[in-house]
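Structures incoming, each one as structure tokens.
The following pair of complexes shares a single chain, chain A, combined with chain B in the former and chain C in the latter.
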Partner chain A sequence: MDPALLLEPTILAQILIQGLVRGAMYALMASGLSLIFGIMGVKNFSHGEMFMIGVYVMFFVTVVIGAPFPLGIAAAAVVLFFVGIVIERALIEPLRRRAGRDWLLDAFVLTIGIMVVLQNLALIVFGSRRRGITELIDGHLSIGENIVVSYERLMIVGVAAVVGVALFIFVRYSYAGKAMRATSQDPEAAQTLGIDISRVYTYAFGIGAALAGLAGALLISIFPAYPTVGFHPIIKSIAAVILGGLGNVQGAVAAGLLLGLIEGYTAFFMSAGWQSVMTAVLVILILIFKPAGLFSRRVERP
Partner chain B sequence: MALEVKGIVAGYTKEVPILNGVDLTAEDGLVTVILGPNGAGKSTLLKTIYGYLRPVQGTVRHNGTELVRLKPKDMLHEGIAYLIQGHSIFPRMSVEENLELGAWIFRGQKPRIDEALERVYKDFPRLKEKRRLAAGVLSGGEQRMLEIARLTMTRPRTLLLDEPSVGLMPRLVDEVYEQIAHLKEEGYTLLIVDQNVKKSIQIADYVYVLELGRNTRQGPKAEFEQRLESIIREWL
Partner chain C sequence: MNAGGAPQASDGLTAARIAKIAILVALLIAVPPIADSRFITTVFISALMLGCLAAIYDFMIGYAGLINFGYAGFIAAGAYTSALAAFHFGINPVVGVLMGGAVAAALGFFAAIITLRLRGLYIALLTFFLGEAIRFSISNTPEYTRGMLGLSTVPFPDILGFDFSRATLLPYYFLLLALVTVIMLFMWSLVRSKYGLAFKALREDELAAESLGMSTTRYKLFNFTVASFLTGIMGGYYAHYLGILSPTPEEFGIFRTVEILTICYIGGRGSLWGPLFGAFLIVGFQEYFRGIGPWRLVLFGLLLIFVMLFARRGLAGLKKYVW
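Coming up: the complex of A and B.
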């Protein structure tokens, strides 16, 4: 590789956009995963399958039914919200109700089970064929002579940004968002104030699943629907959650974007095979030197 | 009669009840203190009253309403607030957000919440000064103050306090008991469990002694102040 490329602004800008698209997906996935972990303490290993269902819903709505693609994105978010609620109510809640300190471990194993079941269900129902859409939106934007960005990529980054801001405002300022934060910080105290923590958990899981579904729908042209499509997104979003600090939703978003950018540059300047190595190295370094995450800060007194 | 507990049998498993028939009344506007050795079931009693545990037998009535079938989330609607043992602030939320959550049952009624905030800030000016800070950076005494202030956001009638002075240094213990005395002046009915027998008996109007899940003795404060030492020696 020519080292001069490192300083070529158009190439850097081009990769920046690629990295942002990737990063937007990781950020959406990771924010949902982090939200669920932060509030319930559950590591949701079936999060990738929420992504997978999202892609199938998108395919169904836009290709099978032939509806316009924004409808597909909205449908994926809504369907996954309810899928999340049903999973929480029907499977996780009974574990929690049975109480005992072990429920978190039980829930962790349960989500692995959900992952396996959903993957195989998809295989039986839809087969292993990839079903995708080559392009949601035609055309591209040219900036200067050498920077070319497809409208679709801009749309992906734009939607992710809007959803991210909306999520932030919701968690920060709405009554439900405050109840969620309170429940994550001290569930027992939240309960004494009249907050129905069981409902908070259910909604948190639904919102987390909806974010994963949304990510899947948005990225259908890059990740077509097939049963194990969720594998790559879940691995990367787990990395982002660790980098951002467990349960820190804003941290996960920032780390997701960062990861996307790092991968974009790595793939270009080294080779595509190195990007996963870089992610793993980064995670290991963070776990050694800053285990509470890149953005950790202490507000509690010891 | 504010809070009446009758014949409560309750525990974490059906086979081993912690409470074996507790009868107790916390009269309107008075401070009722529950004393007892470790493991007597004092905290369990408060948890049962607040709906965390469904008793096997017995009734809990508050202002004539039966509470036994209700859940913790219903209790503030019934006019009962509960200070759990240990820390209960939300450390990464601001002081004001903590207080607002104290009025969670008024959610969606901003004027009512603002009114409650204003009233509480008048009673606790120090919290008003620090309202934008994360609650976690407050000192131990201020955190306790915030917890007590938060209890009063919805103006409940009855407050259950579980070990309000535990883990605080002596100077702060005095401060907390001043605040509790102030709550009594404000007309709240208080039911307190505390290891700090001396301090809690000072502000008590009526005292119950709980031993092995049963109330064994009871009476107005005056009776207990004299016999206090012999009672405590028995537990040791």
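Coming up: the complex of A and C.
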């Protein structure tokens, strides 16, 4: 590795752009996970499978039916919203009622069971063949001579930004968003004030799952549909959620971007295989030294 | 308390109970040699190995409430230490297995130190990434570990005149049976001593335990280090039994951890012996249903969900009817 490359602006810019695109993907995936964690405290390990279902819905709507791709993305979000609601109502809610004090750890194990079931059902129904679309939109943007970025990647960044802002506005200003924040701060007090917390949990889980589905549909050209496609996204989302501070949605989005950049540079300066080690080490360091996340001012919990 | 259920109500060794233990031990000793089939021996080895690993897992989660979600990485540490020691330096696997235990114990001690400030889910997350870091480090250093190409391991040397060349697996089975017996009795004696009470206090209410003057730090470190040592030993055995190691997610990653965790939960948390029974049930079930392909894993996942929702004490919940 030639250190002189470090000073080459076009190369640095190219990595920066790739890192940003990758970061936008992680941010999108992590936002749903972070929302569920922030409001319910549940670490949803089946989030990657929500992502996987989203990719399949996208494939079905755009390739099998032949509808335009924005419709596929919308369909994925809607389908996953209902999948999320059903899972929450049928499995997580009963566990919460049954397990008592330490139910969060049990809920984590329960979502592992959901992961195993969904992954293998997908294998039975669809087989292990990869189904994807090479490009949603063709063409690319060139800046100068060496910096090239495809329109599709730009769209991914754009959608991630729009979703991030929409989520922020929803959580901050809407009534449902306020109810969610109240529930996450103090479920008992929220209940006393007339908020139906079990409904809040259900919707939070539904929205979180919808975000995973949306991410899956949007990223179909990068992650084609196959049963274990959710594995990589879930790991990256968990990493982003920890780096950003568990339950801090904006933090998770920022951490997703940061993770993308770090990985972009690691991949360039070291072999690509070390990316995952870098991510893991980074997460471990954060959990040791700043367990509440990079962007938290509060010193509390773990 | 939810995680694990009440301690054993009566542990008295009645005549009936001694008879039951004797029958089970006799079955374990007699079935593989009498069946004299490589298949049966393999199934018994898998069940015993996974059962013991799940019991060690239970020693952490069911007793002290510490969840190690990077558990497969600790098995990998033991397995690769022993395999690499033999591969690069020609170290006798019997010594190698102990080295594997020592390396895993050091790792466990380190993991315990860095998770001291955390609890529950956060311990799970940290150990998960620790396990992944170990696995990816192995797959990224093919010049030492042969990475995904697979590292072939030497068989054990002949012990007490028994032939460990893997031509017949029965010596491996009996070595494992001896190993598992020692490990189980060791853990059993620990959880019945004052350590067991301390672990339970840790699990139930760390703050209360601490305010009563118990050094929670000390017991956490102890629990994690001992469990990791035993895990490393099992990993070392596994390496030399298996013959080839590769750092895939199925072997040393998330899927292996989930498998062991499921066996532990199905066997019953906080029962120590439950996971051993759970392993025979699960492994038997998996072998029996091998023909139905992925449906097997769907059933496996459903079983875990069922246990979490409806049978929270797992198989150990049946104890009062049959034991």
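Simple rule for what comes next: the second predicted complex is superposed on the first by the 296 of 302 C-alpha atoms of A that agree within 3 Å, B and C clash if a C-alpha of one lies under 4 Å from a C-alpha of the other, contacts with A are read in each partner's own complex, and residues count from 1 in each chain.
Note that in this section contacts are C-beta pairs under 8 Å (C-beta built on N, C-alpha and C of every residue); 3 or more make two chains touch, one makes a residue touch a chain.
Note that this is a predicted model, so its numbers are computed, not measured.
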item	value
Joint occupancy of chain A by chain B and chain C, clash or fit	fit
Spatial angle chain C-chain A-chain B, Cα centroids [nearest 10 degrees]	90
Touched partner set for A:Q191, first chain B, second chain C, both or neither	first
Per-residue contact with chain A, leading partner among chain C and chain B	C
Touching partner for A:F108 - first (chain B), second (chain C), both, neither	second
Distance in angstrom between the closest Cα atoms of chain C and chain B, superposition on A	15
Touching both chain C and chain B, counted on chain A across the two superposed complexes	none
Residue ranges of chain C in contact with chain A within the complex	2-3, 65, 67, 114, 117-122, 124-126, 128-130, 132-133, 136-137, 139-140, 249, 254, 258, 261-262, 265, 293-295, 297-298, 300-305, 308-309, 312
Partner chain A, residues of chain B touching it in the complex	50, 72-77, 81-84, 87-93, 97, 100-102, 104-105, 107-108, 134, 136-137, 140, 150
Residues on chain A engaged by chain B in the complex (per definition of touch)	175, 178-179, 181-182, 185-186, 188-196, 299-301
Of all residues in chain A, those that touch chain C in their complex	43, 91, 94-95, 98-106, 108-110, 112-117, 119-121, 123-124, 231, 235, 238-239, 242, 246, 271, 273-274, 276-277, 279-281, 283-284, 287-288, 291, 302
